[in-house]
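Listed below are the structures to be examined.
Next, two complexes with chain A in common: one pairs it with chain B, the other with chain C.
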Partner chain A sequence: MNWLPLLLSGLAVGSIYALIGLSLVIINKATHVVNFAQGEIGMFGTFIALSVLSATGLPVFVVLVLSFPIGFLIGALLEIVFIKPVASGPPLNVLIVTLGLFFMFNSLAGIIWGFDPYRFPALFPTAPIAVGGAAVSPTSLGIIVITLLVMAALYVFFEHTRYGTAMRAASMNPFAARLMGIRVGVVATVSWGLAAGLSVMSGILIAPLTFVDQQMMLAIILKGFAGAILGGFASLPGAAIGCLLLGVMEAFVGAYVDNTIKDSFAFVLIIVVLMVRPQGLFTKALKRKV
Partner chain B sequence: MRTIACLAAGGVAIALPFFVGPYGHYLLCMAVIYAMVALSLGLLLGVAGQISIGHAGFWAIGAYTSAILVTKVGVPFILTLLVSGLFAGVAGLLVALPALRVQGHYLAIATLGFSLVIVHVLYEWDGLTGGRQGMFVPRPSIFGYELMSDFSAYFLLLAILAVTLLLVVNLRRSLGGLSLNAMRLSDIAAQVCGVNRATTTMFVFALSAAITGVSGAFYGAVLGQLSTDSFTLVVSLGFLTMVIVGGLHSVVGALLGGLFLAYSPEFLRAFEEWQMFIYGALLVGFMHLLPDGLASLPRRALRLVRRRDA
Partner chain C sequence: MLLEIDNLSIHYGGIRAVENVTLSVAAGEVVAILGANGAGKSSLLTAIMGVCPGRVSGAIRFDGASIAGARPDRIVRAGLAMSPEGRQLFSGLTVEENLQMGAFLRRDAAAVKRDREAVLTLFPRLAERIGQIAGTLSGGEQQMVAVGRAMMSAPRLMLLDEPTLGLAPLIIDEIMGLVGEIRARGITVILVEQNAKKALARADHAHVLEKGRIVMSGSAEELAKNEEIVSAYLGTS
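On to the complex of A and B.
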């Protein structure tokens, strides 16, 4: 019975990727660009959360809940200050701005908080619990449950609320959406906020397992890309499932094949998926109108 | 007028090393090495409209290919330049393979993933590359003469840069360059006019990677040692910064970019911690205020003056 813990830890890591992957897809739908600074925003938010934690002594779970509005503010501000002025130009310019933001956040975190890793207090009990004869880490279970809750909330928001529907409309056809009275510019700001909130949450979820330092999200954002591409960059559920799948595959490759290729696995996967099935596993090929 | 400007620039480039010391020679060499990378990236970004955040990977392939061939096989340095370019070019082709199927900025992610894999492989393969410790690289040589000083290496570099410049300038004017330009402006319109999107994208990736590979070979030889630390994501992003600061759409911009990347650490030494932040801020700032880089300044100034006259 040693596959169950492996599956669960894979799903837990996949959940972290999924939160980042989802935020990438949300921004891509709104701004039609891949936001390379996404992981660094998450890292920066995690540092802020850690500072809040040590300054106020609030319970960790309160900070986890607070992390979403903190992230939302950061993301929305970034969109208004840095992205909106160049958004009408070629998409390449926006992409380069996100790369610049990546640089700025990455080094700013080092300048403010130093380059040494910090320990983040555990969110869940660390003693393994026995499930069906196998030892399972409560941390993995907790991460999976929280991620599933977030995904359910996102689903309800996008499918069953007025504003979520407006956001989908703005992504499908900005022009028509504007004619219907949707403020497309505000939708972009909200998308950035939503995505940044998710990224900060993923940073806080992973922080107790790794450490908090300025490089913590570098590998994770790449895995988020890989997972989202695997599942289909054009769809939220597809991207989420792709990320979960990637986490599980990594866990099994690491355990049964070789642990050193675990990290390179995702990158090779990106290139293979782009070559063989660029629209991802779970979405139909997007047809562009001329 | 154009010829005179070119000749003058060449003259300055040749005369410059006579006025600076050994460290100045080293910086000039680096500027030329970076300028070659900037030319190749400018081709990709400015002409073809494709972004790469993994050029450090091609640079690494060039550097290690040349170093290993010189030290382990005994191939003359000049020949290894060709092999380095070839290997890096083939790698570029591999990375661009997804171009057959995908559009847009997915390729950027592929380049990023590729460069990380390359560095990972070089790091683990310590029998060949020295892994963590890195390896020593002999000085560049030509026809059996070792160019012991950076002063003499600079002139060899200048010659190679001139060849690269000629190649890039002519490509920009040729049918290939024009079709790349058309692709950047509208890939649908270009394809309607008979441009094959996949092959042109793969071609420009391969060429860009090959030029970067040759530059990498020089980098190792001028520095005298190699380690995987020289080929991180930060280096790739530094390359991007120099191209944006210099200017995407012209050869002059690429040369300015090379000078920028070689000399900026000198000026920024006092704010060492802030260096990356400043690079990032430059990327953002230039995109907002001067998207065509420093090379577009004269034209902008001219336009401003004319407007005032009118």
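On to the complex of A and C.
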């Protein structure tokens, strides 16, 4: 059963990618750009969480729960201050602003907290538990369970609430959405808030396994982006599954083939998949509508 | 007067699409606005709803209160709704969700439910397709969703922008028949059409727009008598 721990650690890493991948898709649906700063927002929020943790001594789980509203506020503010003023221009202008935000958060974190890595306290027990003869890490299980809960909450929000449906409507047809009295500008702010909340959660979930420093999210945003495209960038469930799959593939290639090629392997596979299915693995081909 | 428009002009950059339009609509009426392609009909309606991308000047009053320059959500709350040209459905949402979005601003769940039933009674075809993705409906069915969605906000004034565009003759009559149904529910209607004959048959008053100006106004009966002149303006004679 040595595949079970491997599968779970792959799913755990994939979960981290998925939280970032989902935030990228949510912002793309509202603002029509890929937010390059998404990972850095997660990193910055993780630093803030760490500061809150050491200043208040709150239990680390409370800080994890707080990470979502903290991230939401950061994202909503960013949208209002930096994105709205350029949103009416071409998407490339917005893209440049997100690149600017990337560098801004990266240096800001360095200036405030320095460039040495910090340790982040463990969220879960560290002693492995035995499942069917295999030693399973509670951290992996914990990350997977929390991510699945977040995904379920997102699903209910977008599919079964009035505001979630309005957010989808605004993304499909902003003109008609305004005719219904939906404030499309507010939808964009909420989208950035949601996305940043998810990114900060992903930063805090991965922080105990890596370290907290300015570079912590660099590889993760690339993988989250790649996994989301693998599954289908147009769909939240597609993107999430793509990210989970990417995490699992990396784990198995790393263990059975070669750890040094696992990063490039993932991208080669994605390129091959996109040659065969340009719309990603889990979304239906877009049909032209009149 | 339920709606009063005073000296309304609309510019897109340097292009003037609507020029000094003044008209009013009494409660309970059906008013037709006729005009050829590019006459400024849609510009006028989007300006009333607060969603016109151009520069709008002049006064628009609804029930006595100015709505010119107001946010569309305020205008919808005030009691206006529009079924836009080209239907503009949320094509990836179901029929149910499209109707639900029409009632986005309403909090009274019981009243919304009653209105949903009313819309589905009016359009039995939509009741059969309530769970279908709107983008996969036929053109006529999509138009019904657009009208039903506008009705879901419980408007007092409904703007219908070319509801028959691109539909087969049989469906055109069905959709046109709706105008009477909507009026029977006490809703005032502004109907934009290129099909003068059909529109005049259902309207009380009508205005003909040419190049952004009103060139003819009167009771629908009068204009129907002068159908040849009207048709000349529409370029359909």
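To be clear about the criterion, the second predicted complex is superposed on the first by the 275 of 290 C-alpha atoms of A that agree within 3 Å, B and C clash if a C-alpha of one lies under 4 Å from a C-alpha of the other, contacts with A are read in each partner's own complex, and residues count from 1 in each chain.
Following the convention adopted for this analysis, a contact is a pair of C-beta atoms (placed from the backbone, for glycine too) under 8 Å apart; a residue touches a chain by one contact, two chains touch by 3 or more.
The shown structure was predicted, so the numbers you read here are calculated from the model rather than taken from an experiment.
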item	value
First (chain B), second (chain C), both or neither touched by A:Leu141	neither
Touching partner for A:Met180 - first (chain B), second (chain C), both, neither	second
Touched partner set for A:Leu101, first chain B, second chain C, both or neither	first
First, second, both or neither for A:Ile271, with chain B first and chain C second	first
A:Arg162 touches, of chain B and chain C: first, second, both or neither?	second
First, second, both or neither for A:Leu218, with chain B first and chain C second	first
Contacts of A:Val253 with chain B and chain C, given as first, second, both or neither	neither
Chain A residues touched - chain C or chain B, whichever exceeds	B
Which superposed partner A:Met172 touches (first chain B, second chain C, both, neither)	second
Touching partner for A:Leu92 - first (chain B), second (chain C), both, neither	first
Overlap of the chain B and chain C footprints on chain A, listed as residue numbers	none
Footprint of chain A on chain C - complex, ascending	49-51, 71-73, 75-77, 81-82, 84, 88-93, 97, 100-102, 104-105, 135, 149, 153
List of chain A residues in touch with chain B within their complex	33-34, 36, 82, 85-86, 89-93, 95-97, 99-108, 110-111, 218, 222, 225-226, 229, 233, 260, 263-264, 266-268, 270-271, 274-276, 278, 290
In the complex with chain C, residue positions of chain A that touch it	162, 165-166, 168-169, 172-173, 175-183, 289
For the chain B and chain A complex, residues of the former touching the latter	45, 49, 51, 53, 94-95, 97-98, 100-102, 104-110, 112-114, 116-117, 120-121, 124, 188, 233, 237, 240-241, 244, 273-277, 279-285, 287-288, 291
